[in-house]
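After this come two complexes, each holding subunit A, first together with subunit B and then together with subunit C.
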Partner chain A sequence: MPYCRHASGFLKQAHIMSNSHPTAGAPGHSRALLRRLLPGKLSPYVWFIVPALVALLAIIVFPWGFTLWMSLFDWKIGSDATFVGLANYLSLAQDTRFLEAIMHTLYFTVLAVVLPLIFGTIAALVFNRKFPLRGMLRGMFLLPMMATPVAISLVWTMMFHPQQGVLNYLLSLLGIAPSEWVYSSALAIPCLVLVDVWQWSPLVMLIVLGGLASLPTDPFEAAKLEGASSWQIFRHITLPMVLPFVMVAAVVRLIDALKTFDTIYVITQGGPGTASETINLYLYLQAFSFYQIGKASAVVVVFFVLVVALSLVLFWLRERSKWSDA
Partner chain B sequence: MKKILDKLLFGLLVLMVVAPAISVFLWMLSLSLKNEVDTLAYPPVFIPSAPTLANFQAVFDGGPFFSYFINSVIVSGLATLIAIAVGVPAGYGITRLKARKMLLTIMVARMTPAISFLIPLFTVFQALGLTGTLTPIVITHMVITLPITVYIVAGYFETLPRELEEAATMDGCSIWQSFFHVSLPLARPGIMVAAILAFIFSWNNFVFGAVLAGRETRTLPVAVYNVLTFEQIAWGPLAAAALLVTLPVLILTLFIQKEIVGGLTAGGVKGS
Partner chain C sequence: MDLMTNKKRRQLLQASAAIGLAGWFPQLMAQNGFNWKQAAGKKIEVHLIKNPRGELLQKNQKEFEQLTGIKVGSEQVPEQQSRQKTVIEFNSGRTSFDVVHLSYQAQKKQFAKGKWLEDLRPYFEKSSGEFDLKEFSSGGIAYATQQDGRIDSLPLNLDPWILYYNKELFAAKGVAAPRNFDELKAAAIKLHDPAKGVVGMVGRGVKNANVLLWTSFFLGYGGTFIDTLGKLHTDSSAGIQAATLYRDLLKNTGPAGVAGFNWNEAQSLFLQGRAAMWIDGSGFAPPLEDPTKSKVVGKVGYAEMPAGPAGQISGLTGDGLGVSAFSPNKDAAWLYTMWATGKLMQERMLASGAGAPARSSPYTNKEVLAAQKLPSAWLQAVSEAIKRSSPILPVIEPVNEFRDVYGIALTNMLGGADVATELKKATAEFQPVLNKSGYRA
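Presenting the complex of A and B:
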């Protein structure tokens, strides 16, 4: 049967190619009949996908396989690769710098997921109301997420500067003592979170706003008729209905927060010391400063497992949140 | 009275939401237009006393900034064009075949950090002797542009009515003809959004260029980052360079924000 399907596909192609005027009635009609009768109706669509499939295989699937394979080798660029089995993974498990990088990543990620979710949802509730200049203001609110990360990171670096930075001046206006910002080990990660919140709350806003726009209006009208306060409406109607969208935003945010690279690399380079070195920064160092391809590949695999595991946890939470509302 | 107060409070809330987003860019603009006296002044000067373009001049004098600009245009332009050429038919094929598993691959790709693609591709480019040219940078940028394109375009084709296409087929159009003459023109808005977002995220990308580019093949974000490392104190030129890189994106965002909003909410997509 599969042969038959292919054959029919080729026949059809040949037939079409020989027929330069497709509007001619009779062949078109018989072909339509043929298409309805044969199960291989859809197969020509495969050819639409083939070029993209080849490209995706080359630039995405091949690197996955290569990485998995290379993580089993001790290979520094310029020397020979030797098979070492799981040794790279074992050495990572004992590498305190790597274990600290995991902790830094988790610390950063928790804050960089939760805070943008809160601010983004508030912004979505604001932009869901009609007010003058709404379109333009929403466009301005989106600028941080669309701007070139390196460019905004440079500006934040200058703003964080302890002596000449504008942030310490603003603190002084409020009567607060100057801060060391990213130059302090304890504050480096919270400062990077601040940049991330500023940069990515807009994306959460967009996803939640899309959700708010799709909500039915009846429950709100009914609640108003019953005399519910706006807080009650928010707490018991808006929030539960919009929660699935917030969870979608949470998954997106989780993935992006784990992958954060540009801002950290430009603003702190993982410093001071290794105080803000996340897995991604550690990975970059292993791969492109030390050229330890085998070890770096093992880091990628561990990292990927972490991303998938945390995403699954969120998906599970999302299913639960749906379930409890139903 | 209560209504006016409500409106005022809401206005304040809007201000609190939008002000942080915009003020960082205003500060960038202010820094880039200040002369050295204003830059070093404390308390900081917010509105330059004598605005000057000297910082922008310094950026162009400091290195082949214009050729880095051309590099960025070539890299992002080619990566986007190829992604459209390959990705639009793919998005169409996926919706017609209902092959949503391929979209899953793309979602998983989005979960993988960009550097992990870079390690294998870097070693291949080295083996092929391609490092130091723009080719590897264009190819790696397709890691960003292709998934965005396929994802957005597939989503767009799904919203199109199939009736027109079926009518075309009934009239004897081949699937290729009905794709080119019926579906493709209908999908033009979706394709535009995909192209714009792919271009922006490619333009913004730093890490691929940072690893793969030589002195001559730097893209703009890499060039700007290098301004930081070599001239730590020169804030004016640094802000000017940062503004030059991101200004096209900011203007584009403000002008076509409706389209961007539609494209981004379609799948919460973003470049890696």
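Presenting the complex of A and C:
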């Protein structure tokens, strides 16, 4: 916690300075604490944080408060806003389309977090071994991550095309019946996950590979001496030791997957029908197609709560996976 | 065409077609008595939608600058982003543009509600002799006129929905071009040949975009979107018949995955010669006749929308130009609007294939017809269709919601849902949205 350390050092210094002041009052723990907290005494330092504070208020706190405020109004751009209290939230709770969008988001997110973690970790284990052309292959594996999401989405859209796409051509070479890919309601989300997995497994690999490189070698040597099999070494040594890194990758992936918009918007626009409409797509529709700013703000608030809840679960898992000091 | 002789006109068109802008042209236009320089020295901003019309206006704006001495800054913004940008700016009460390019089917009512566009009627009195309001087609003027009689824009382009068909595939099976809905369905069944990778019919299946194909049939079945009391009639028998035809054509004689098809997917299938018929807006002739893109050059038949029981009616979309009510330079902005929707620019639009002009003169101008490279059948279909057209969407403010709600219903039908049930559900869902928008017939 480097921030805390700095902060406590800063406070300590402030304390020494205030104590060394000739007019400081009678010593005493509670008085000293009070003095430390008094804005007047902190004033020489307070000004240093003002620019950051202003920026924070302007770009995070204010928009947040304003979004919350707007979510209490029935406001369509071009019409007057009317205060409706929690009506937007109540209507969302009864809106089956919104509830479906939450389910689609969770479905997409679970797959788009778990699958890249599995493939990325496997790739990291493979690339952690020495073999010919490793550097080149590793570089190639990273390429999808470097591409622009909208550009690759357009390419994937062409590949998914049921009549003219290369994917159905490849299936036909194998004698398999053509698929409708993203053009089918049932397959739309799995296909979008496929694009996400293709693009983001390399990121997981990078993080896990870094973790693998930092592992101490002695447990592995000891295990070999004890005659452990490769599977036993992986299951009982590599995996537990690399798990904290996998969890970091999981947090990064979770945030990315929840906020995915570009690939879905370009490839399916939430369709066919609403089959792949996630909360982000629903939100975009409400805000920028229907101009229902009040309702869209309520969606944002619900989405925020969902993101915080999921992040807390992951942080909790991450804490549990940390190496113990014992 | 007061002082401009036909000869001069002909020279002008030839010159501009051949070498682009001729330097002597602005002076010529300025000679007809109208003071084009009245706002010289001013600067205006023009917000254009990124499409061939936006392209054409931007390409020629130097000419306007020379003619008027007005400095023009212009931007072309993709359609979706343009709609967002304009509504947000208008709502804020300050616009960064003086002239705005709008699409009627999506934005007309929205702009009218806030009175965001300047009423142009007083300006017509002060217009140049070249400007002739009567020359605009009735469909265009209907689009430009608001409910209270204000004319707050001028139409640039009218885009009727037409039928594209592959003459080679039709000839191979001895099928004639369909003239009505029954023949359309019969032709689609006859030409549908999945074993050869050919579908009978292709069109928009993706939600939102698909609504326009359904409404094209709806008009032919004599459907009315909303009655005088503000009640929706989209689940009427016309609505159900139109949706049944839509579903049958696309589901039974369309490509696999059609529920995800927008115009671009439909176009690429038709370009490859793998679709016998395609119904969509009239603007696709240039790519279909482009040998670098198309395998069906010279084989495409163009026809008006087949007739329904209620007659031959083409769904119409269109775009136009208006002056922002918040503009500090309305006079200069009006000059631009008048120039951009004027005869010459409209003729250029037709000659370059950038769209179907809202004015009638280009269609009868021999030089223009000679200069334009698209097949005469296309021009014939478009100019006839415009005469028998009706707005493709109800002219209401929540038009995006309309497209969304009915679009999902249509996609569900392609997935096997019952037509009448879906339409009833959509109508029940949309009626409150319409009521809330304060719709008045």
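Quick notes on this one:
Convention: the second predicted complex is superposed on the first by the 258 of 326 C-alpha atoms of A that agree within 3 Å, B and C clash if a C-alpha of one lies under 4 Å from a C-alpha of the other, contacts with A are read in each partner's own complex, and residues count from 1 in each chain.
Here is the rule we use: contacts are C-beta pairs under 8 Å (C-beta built on N, C-alpha and C of every residue); 3 or more make two chains touch, one makes a residue touch a chain.
Everything quoted here is computed from the prediction, not taken from an experiment.
When subunit B and subunit C are set side by side, the one touching more residues of subunit A is B. When the two complexes are overlaid on their common chain A, residue A:Leu192 makes contact with neither subunit B nor subunit C. Once chain A of one complex is fitted onto chain A of the other, the partner contacts of A:Pro178 are limited to subunit C, with no touch recorded for subunit B. Contact with neither subunit B nor subunit C is seen for A:Ala250 once the two complexes are overlaid on the shared chain.
In the superposition on chain A, A:Thr274 makes contact with subunit C only, not with subunit B. Contact with both subunit B and subunit C is seen for A:Ile77 once the two complexes are overlaid on the shared chain.
Once the two complexes are overlaid on the shared chain, A:Phe290 sits against subunit C while remaining clear of subunit B. Of the two partner chains, subunit B is the only one touched by A:Met159; subunit C is not. In the superposed model, A:Leu111 lies in contact with neither subunit B nor subunit C. For the contact definition in use here, the residues of subunit A common to its subunit B contact set and its subunit C contact set are 77, 164, 288.
Remark: subunit A residues 16, 22-25, 27-29, 31-32, 35, 42, 44-49, 51-53, 55-56, 59-64, 66-67, 70, 77, 122-123, 126-127, 129, 131, 135-152, 154-159, 164, 166, 169, 198, 202-203, 206-207, 209-210, 248-249, 252, 255-256, 258-259, 261-262, 265-266, 280, 283-284, 287-288, 293, 296-297, 300, 303-304, 307-308, 311 touch subunit B in the complex. Contact residues on subunit A toward subunit C in their complex (touch as defined above): 77-79, 161-164, 178, 180-185, 268-269, 271-274, 285, 288-291. Those residues of subunit C that touch subunit A in the shared complex are 84, 87-88, 90-91, 110, 113-114, 197, 205-208, 255-261, 265, 268-269, 272, 274, 397-398, 400-401, 404, 408, 411-412, 414-415.
On the subunit B side of its complex with subunit A, the touching residues are 10-11, 13-14, 17-18, 20-22, 24-25, 27-28, 31, 40, 42-44, 82, 85-87, 89-90, 92-94, 96-97, 99, 102, 105-106, 109-123, 126, 139-140, 142-143, 146-147, 150, 169-177, 179, 200, 203-204, 206-207, 211, 220-222, 224-225, 228, 235, 238-239, 242-243, 245-246, 249-250, 252-254, 257-258, 260-261, 264-265, 268, 270, 272.
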